[in-house]
Amino acid sequence: MLEKYLQIFKISLVQEFAYRLNFIMWRVRNVMQIFLVFFLWNSVFSDPTRMVFGYDRGKILTYVFGILILKAIVLSARAVDVAGEISRGDLSNFLLKPINYFKFWFTRDISSKALNLGFAIVEVLILFILLKPPLFIQTEIISLFGFLVSLVLAVFLFFLLLFLINLVAFWMPENSWAAQFLFIAILTEFLSGGVFPLDILPITVQRFLYLLPFPYLMFFPLQVYLGKIVGSQMFGGILISLFWVLVLAIGLNIVWNKGIKRFEAVGR
Amino acid sequence: MSKNAFLSMLMNRLGALVFLFGKILRFGFFIAFIVFLLKGTNTLAGYNLNQTLFFFLTFNLVDIVTQFLYREVYRFRPLVVSGGFDLVLTKPINALFRSLMGGADILDLITIPPLIVAVYFLGMSLNPTLVQIFLYLLLLINGLLIATAFHIAILSLGIITLEIDHTIMIYRDLTNLGRFPVDIYKQPLRGILTYLIPVGLMVTFPAKALMGLLNPRVTLLSLAFGTICLFVSLKFWNYALTKYSSASS
Amino acid sequence: MDRAIIVDHLVKNFEVTEKESGISGAISSIISPKKKIIRALRGISFTIQPGELVGFIGPNGAGKTTTLKILSGLLYPTAGFVQVLSFDPWDRKPEFLKQISLVMGQKNQLWWDLPAIETLELNRAIYEIPEKEFEQNLKELTSPLGVENLLKVQVRKLSLGQRMKLELIAALIHKPKVLFLDEPTIGLDLIAQQKMRDFIYEYNRRYQTSILLTSHNMDDLVDLVRRVIVIDEGRILFDGALEELVSRFAKEKIIKASLTKEDDIQRIETIGKVKKIAFPEVVLSIPREVVAVAAAELLQNFPIADLTIEEVPIEDIIRKVFRGEMARKKH
């Protein structure tokens, strides 16, 4: 039984290898994006004793490096290809096989995350040697535990979100790319804290954002790690994250069943 | 040419509108970022809120106008691979013009006028002299010339190596570093970004000129650089054409 | 299990939105989309025994592919009863899926940038085929098709014919009990077509797999299947042995004669309808019951060097069936 998913994990890795130039480019772009944010904050905190938005130099630069790692763990995915598979009609091939479509793609995502994480760790090490930022290492067991729990929830959260967006292809095969662009490239990128930490925004805005699933993808886990969110707040955040996972899982099931019925297995 | 692009786009109207909305949203998010960041920090690399916003708007102006004009470059690789470039070469329209500018995206036209208005109002709030305004416009055009030169070079590289997509991505990622004034970067990165991959020259310098922060020697150097870039890229294009091996079977 | 496939009064309707041309058409199709119902299947019924090799023929849009897709669980029936190997295909139970396979020309399952063996290994894991059985199946499939040394080549580097063979192997590696083939010989050259037919025939014979194939190619029918189901506009027009199709719907036979010297065409026309005349060949169409008499008359009264009696070509028979000539003649 496990054999099935090991094979999927393996073939997904082999596939990435077939596109190594694309993959290398992707890693290069990830690192370059970090450069902008790193130097931005570096210049803000050019006075090392400065404290702003609740961050000191160490914590903000740890945040930046943390984003690089968390993007690899949470946001790396192959499920972006689902929409294309549906609109081309290739979904038929999977419907004919005794394999769960969700488990298939989740396994492929894990494979991508593993690969990206490997590279991200190396990149962080190199950048650390080059830029020598002061990094914050969390030592509180509870915080670390909370960080790991919220991280696991974040992985599921993003998978469900991404998959749901891709299912738009059942109803709008030509325009699903636009939905992906809006929800993943723009909304997720910003509202998950991927470009700037959400706590520079006014409190009322933050409170609103915390009702949405996005901050729980990267911002919330990082805040827990940095020790900026603790105790009942941390617990509450984890509950909201869990709530979103359940809501999206149910929603995904409903949308999937509706979509499958509509699926005409296009292409004669 | 653009009418056909418009019609086929109407077919993907919903997708295009969502895409446009996404781009506007991203713009808005960055503005919010700058505004709230500077609320807390007061300055960024010595610049105040209005100045930082002005840098950002100038970046967007150059970026969006460039993308608007040269959208066709993104379609160049399929054109060459399919052999369609042969047809372009044999038609009476200049091949470079066609490959560069044949696909102007009408939707971008919607975003440019409001941006120009915003640039105008923000720029005026910095109280520039007439000379500074003139220098700004001059260096802005210079920046567009450099961008043009880069796109021509990308096309030329595409003819020779059939590799465009990655080159464009690298170009976009590097120019995106110019969203903020290049002063935030430490040397040697700052030097690289100013003179080697001249984002600094294209975007930061015009804005600095408006604020009277650019010395005349550097201004002249920039203009010279821009002209040389364009000249070299055109030479590169002609060279690339001689190396063109038709892909059609 | 006595019957492999049972289809009873199967109905399938599709709902499509019509798109009009031009800008105004595009705008109106967002505001008030025009919906049209396409009746792909209008209540068809048939059963297939285990091990049968059946040909499903009909013009484009007749409902052949739709039927295959419903039988394999891809499409949801609008009405009627469908059962394959005692399962309801739409449930898509794993035990059901492990026993069937659907091969459609354009639907490629081999991963494009990887060698075929990677996809085959993946299928092995998905279908939970034991290692030894997998090796055995692989050998039995690759050697008749001659592709053993192509397994490690990137799929994108293969020719169309090679790729189709490997696609077929990927679809059969789990030894399905029921096999659906949609236009299996399309796009192949004559030799490859024959090889494919031989392969299908052998496969059916050896493994007693129930095979339902669709085709436009008449040679696929004549050389391969014994039972034919003719479908047009969602209705079954004929279901039975190929010979019966011929004898029932070919009311005429063909006489091909070679004349030794030119003769008056009007004289020849008294024997039967002249279909073609190009000296020295003449082709006549004669009602089946009197063909022997006609042949005798020709030999007696005309300068005949050679004479043969043949069946009407299959293509013409099928064409007649499609054109509804048979539908009109109520049998």
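Order of writing sets the labels: A, B and C. Residues in every chain begin at 1.
Heads up, the rule we're going with is that a contact is a pair of C-beta atoms (placed from the backbone, for glycine too) under 8 Å apart; a residue touches a chain by one contact, two chains touch by 3 or more.
Every value quoted in this text rests on a predicted model; they were computed, and no experiment measured them.
Asker: I'd like the most central chain, judged by C-alpha centroids against the all-protein C-alpha centroid.
Answerer: A
Asker: If I average the CA coordinates per chain, which chain comes out farthest from chain C?
Answerer: B
Asker: From the mean C-alpha coordinate of chain A to that of chain C, what's the distance rounded to whole Å?
Answerer: Inter-chain centre distance comes to 48 Å.
Asker: Whole-Å distance, chain A centre to chain B centre, using C-alpha means?
Answerer: 29
Asker: From the C-alpha centre of chain B to that of chain C, how far is it in Å?
Answerer: 57
Asker: Could you list which residues of chain B touch at least two other chains?
Answerer: Those would be 11, 14.
Asker: Once bound in the complex, which stretches of chain C touch chain A?
Answerer: 14, 65, 69, 72-76, 92, 94-95, 97-98, 100-102, 104, 106-109, 111, 113-114, 118-119, 121-128, 154
Asker: Name, in rising order, each residue of chain A that touches chain C in their complex.
Answerer: These residues of chain A touch chain C: 1, 3-4, 6-8, 11, 14-15, 18-19, 89-90, 92-93, 95-99, 261, 263-265, 267-268.
Asker: Which chain B residues qualify as touching chain A in the complex?
Answerer: Interface residues on the chain B side: 11-12, 14-19, 21-22, 25-26, 29-30, 32-33, 36-37, 39-41, 44-45, 166, 169-170, 173-174, 176-177, 179-180, 183-186, 189.
Asker: So in the complex, the part of chain A that touches chain B is made up of which residues?
Answerer: Contact set of chain A toward chain B: 21-22, 25, 28-29, 32-33, 35-36, 39-40, 42-44, 52-53, 172, 174-175, 177-179, 181-182, 185-187, 190, 195-196, 200-202.
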